[in-house]
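Have a look at the structure below before the remarks.
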Amino acid sequence: MQNKLMSIQEAVTTYTWDGMTYCNGAALPVGSCSIAFGKEMVKQGRKDLNVICHCGSQQINLLAAVGAVKRIEVGFSGLEVYGFAAGLNRAVVSGKTLIEDYSNGAMALRFFGGAMNWPFVPATVCIHNDQQWCSADHPDEYPCTRKIPEVTDPFTGKKYGAFRTIRPDVAAIHVTMADIYGNAIMLGTEWNRFEMSRASDKVVLVADQIVHTDCMRQYPNLVRIISEVVDAVVYWPYAAWPQSSPGLYDSDEDHMFYMNKMMKTEADTKEFCDQWVNSWNSHEEYMALIGKEKIEKISQTGTAFLMDPYRKWLRTDANIRELQDRKKG
Amino acid sequence: MQNKLMSIQEAVTTYTWDGMTYCNGAALPVGSCSIAFGKEMVKQGRKDLNVICHCGSQQINLLAAVGAVKRIEVGFSGLEVYGFAAGLNRAVVSGKTLIEDYSNGAMALRFFGGAMNWPFVPATVCIHNDQQWCSADHPDEYPCTRKIPEVTDPFTGKKYGAFRTIRPDVAAIHVTMADIYGNAIMLGTEWNRFEMSRASDKVVLVADQIVHTDCMRQYPNLVRIISEVVDAVVYWPYAAWPQSSPGLYDSDEDHMFYMNKMMKTEADTKEFCDQWVNSWNSHEEYMALIGKEKIEKISQTGTAFLMDPYRKWLRTDANIRELQDRKKG
Amino acid sequence: MEYTKQEFMAVTTGREIKDSELIIFGVGLPMLAGYFAKLNHAPNLRAFTEGGIYGSTPVGGLPWGIECNRISTNATSFTNAIDALGFLVLSGRADNAVIGAAQVDKYGNVNTTGIWDEPPWKAGKYLAPRVRLNGSGGASDISVGCKHYLIMASHEKRRFMEKVDYISSAGYLDGGDRRERCGFVGGGPSAIISTLGILRPDPQTKEFYLDAYFPFTTIDKVKENTGWNLKVSQDVKIVPEPTAEELKNLRTVDTTGFLRKNG
Amino acid sequence: MEYTKQEFMAVTTGREIKDSELIIFGVGLPMLAGYFAKLNHAPNLRAFTEGGIYGSTPVGGLPWGIECNRISTNATSFTNAIDALGFLVLSGRADNAVIGAAQVDKYGNVNTTGIWDEPPWKAGKYLAPRVRLNGSGGASDISVGCKHYLIMASHEKRRFMEKVDYISSAGYLDGGDRRERCGFVGGGPSAIISTLGILRPDPQTKEFYLDAYFPFTTIDKVKENTGWNLKVSQDVKIVPEPTAEELKNLRTVDTTGFLRKNG
């Protein structure tokens, strides 16, 4: 098996490009999301992204705020109790970002259909409402019949809808822990990371922790993302910050509100990026920026016990660095 | 939450009936399958069953051998390296049991479609071959166009097939461990137990072990079958015998061959039933029949370490009996 | 005992939830109303969230989201979106749900997607909205799948409309048997719980009428704040005030006082 | 060094497997051939089974089935059938596979379902078979999904047929571009490894011809044992005998001597 550890810079350089179809797994508005990866994409100046996700998150909020998102297909674009996604909404209202709405269930099924390589997925939702009739890709047609066209059930002759399936170029998937080969365990809801990992052409894992493969052999039923489909593993503790990662840390309430507030204007977004995105390169710098006190606070999570069974297999930073260096040769 | 513990007799009496559509999860030819439950069905004389499973197993082999299976939809009907399923094949060749063939992948997707309550599932397999052209339900039509009819992809106009979805009356699902409310953990491949548990109208778990719910709260990502969809929990150690249960016991090689050999004729089947099916009522009698030596042998499995994390939450027989009695009131 | 209007609304919504229902909650007010019901009178409620979080109750305050750690600390199962929204909701299996609405119309259609100067159905085209909201999330799935569901909304004229700008979650569409003809497996919204009262659909026309109002308002005020000509039930009721027991249970769920802060 | 014909066949099949392929094995001979390849020359083979067992190698002898504990003791992941047969096989993602056949025809169509006195395609109806086999299992999924795949079969006239009784797993159907016109995502069978030699499909007609034969037989004997007029490659080869290294590796995989017992 191949050691797939890779720096976040190299992963973004290798697996992202302008105009790509990008999935930010898990794409949870409050929970696990590969946010650090998105920040690195901002740093490397990616643009014209075609983003597909069931939910928005601070990653998409940021990418849209800096003008990198040309088009997005989404089920829910907000930040739940943290409010509307100010950066994304600014981009949508200004016409900078085209938005194609679906339901969350529809997005999950479209990933399933992509993983199956199906021509279409039967649609029993997003039909007979404006999710069917309104298409950002065909704004002059109302009601639009091309976004979710009709399909006839050959058994009954009844009409249903048909969803387009999703086959992203790359998914950057946040996981709780991975081994160096790309086997991964997620704690908390999967959302559609399982299906996404199979639907995507390339898969980059962004892992809060790296564990020995023995951990996978003890808990094979927990390993829902498999090395067989993974291209790169980025080790990045607190990768979902300011969002949460069950078992490891809670969302950073102050920063969630603050970040969203800063996305409201172009000027504030720039200021935010200067301070929080472009100011770090190493993981040490990233951690210093968040600050020791904050790290301690969010790490006091009520879900910490969920990590207990796996702690003995955690690799140390020094060991991971060594493995990363060995790979470079 | 409701204590759903139930004796195997009561579960079969309550949740099975003549003519029902029955699923024997996991339906693995060698591994986990709710075989003890099927034996109890034989004891209670169930007949005219419409069985739906991706694979055969000794349970289906037995049910067909005694003439209880009117019709079966299946992907693979054999016992793998243990050979063809003699009892089922005898019933098929004689015309007693109608058999409708699909692929294993198709069966899994049809359960998925049933769980979704979809009108049909897109079929990219079992088309342009005899799985499409031959239908036991329409034997006079060749090539049959009604079993897997054509559906047109509205995006491209290309033709695909459409599978009927599966919505069984009852699934008796073998699991490694369950709590008394019906939350369950499976070790080893799920096959399609996850989808089956959602597609079925009623779900009976047949569990090798009962654990405290604290075990589920420590490993919620392992709990793929949820109390919300489960109707009854039957505690029955070695429920899959003579097949295997990962983490707990290996298949009983001698008995696998012996049982299959006995299914070859009606007379031998009767003899087998007298000795191995109708001769026990309590679990103690069932265990005595298998024999201490055999139990010890098959329990020496190389997969035993997979159970280690959960042992501390196992409920004792005495405790389970108490809970069962308490429920009866 | 004193309480806020939001607390009254949550209790009123909770009362619509019956024991043993299989029910899905969105985040915020709906979740508080739901877990209040579980604590108060529905101990066997089988509640879950969109991501497939089962068996849990919030710990440490209102969850920030449906996948917040506050709802993940005592779960018995974590699965995924296809399970929760597909197998349990779109399939028609779930009994009930509580969703929110930025706009709702006389047939219970909900808009949570955007506000337009000229909405798509009027303009005949789909342009960028004046205000972007969140999209439907799982509410659209709930609207077609659940046996029935409850809508919570702030009762203001600009929100209670003759016709919403955009149907994110289908209610009864144009009313009558229109929804039935669409073949949705779910039955549609059973009530709108607003900041002023309870609206229910007419069994025939499916137009929502006033079934009960809160004691702090009047029928006229409710009508004034409604964007269509609101019909009133012949035996319109006044919603009973929260009991001390109900308030105690609600506040046990609303640990951090979300409903008290927001009036 | 002595070896059985079954061992020779397994080694020959294994040689068709390239390193790093994503490959699915059925149970029995195909699995032994596959894990032999992994040990012998394809250390990065990404092998899995139908039920979604990943990262494992058999322990304690030939697994009795694809979900046997012998293949479950050192897995890195257990998922499910939709994952293995759907996401990885039907999707077109898997590179290769090894399947068995009770009957195979000149276009590589495989029958593992049943034997009829008068097959359905001839009778114009589908009656109970004279002999029931196992059905396709995952082989039908493999036949439409994998980029290509290998067929292993016993080379006898009654098994190598002009036309099989029942197509369980589609090869090239009627030959030519017929398979292509069906729109299957996978490319079809790349070779039939029989007990007598290696057959490969003609690039145009898709009819299988003899590409190589085992040193213990002759071209004539192969033709005699084939139910159609078998064409022979102009540069037909003799399959190289297993090396000592290959045999050593095969026997490491075949711990319990399955291939030695069965001649």
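Going in written order, the chains are labelled A, B, C and D, and every chain counts its residues from 1.
Please note the rule applied: a residue touches a chain if its C-beta (ideal position, glycine included) is under 8 Å from a C-beta of that chain, and two chains touch if they have at least 3 such contacts.
None of the values given here were measured: they were computed from a predicted structure.
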Exercise for review: Quickly list, by label, the chains bordering both subunit B and subunit D.
Suggested key: A
Practice item. Pick out whichever of the two, A-C or A-D, is joined by more C-beta pairs in contact. Key: A-C
Study note, to complete from the structure: Per mean C-alpha coordinates, the chain lying farthest from subunit D is C
Review point. Using mean CA coordinates as chain centres, what's the subunit A-subunit D distance in Å?
Key: 40
Review point. Between subunit C and subunit D, what is the separation of their C-alpha centroids in Å?
Key: 56
Point to revise | CA centroid of subunit A to CA centroid of subunit C, Å | key: 28
Study note, to complete from the structure: Chain centres from averaged Cα atoms put subunit A and subunit B apart, in whole Å, by 37
Check your understanding: Of all the residues in subunit C, which ones touch at least 2 other chains?
Key -> 72, 78-79, 86, 90, 185
Revision key, fill the gap. Shared-interface residues of subunit A (touching two or more other chains) are 109, 116-117, 124, 158, 160, 187-188, 190, 194-195, 220-221, 306
Practice item. Pick one for the touching-chains graph, please: line, ring, star, complete, other. Key: other
Point to revise | Chain pairs that touch, as defined at the top of this document | key: A-B, A-C, A-D, B-C, B-D
**Study point:** Interface residues, subunit A side, partner subunit C - complex
**Key:** 28-32, 54-56, 74-82, 84-85, 88-89, 92-95, 99, 101-109, 112, 124-131, 133-136, 138-142, 144, 158-160, 187-195, 244, 246, 250-251, 253, 256, 301-303, 306
Study note, to complete from the structure: As the complex stands, subunit D meets subunit B at residues 27-28, 49-53, 59-60, 62-70, 72-73, 78-82, 85-86, 89-90, 109, 113, 120-121, 123-141, 144-145, 166-170, 173, 182-185
**Study point:** Touching residues (chain side subunit B, partner subunit C) in the complex
**Key:** 1-2, 115-117, 179, 183, 194-195, 198-199, 213, 216-217, 220-221, 223-224, 226-229
Check your understanding: For the complex, which residues does subunit B have touching subunit A?
Key -> 109, 116-122, 124, 149-156, 158, 160, 162, 164, 185-188, 190, 218-222, 305-306, 308-309
Exercise for review: Could you please specify the touching residues of subunit C with respect to subunit B in the complex?
Suggested key: 22, 44, 46, 48, 54-55, 72, 74-79, 83, 86-88, 90-93, 185
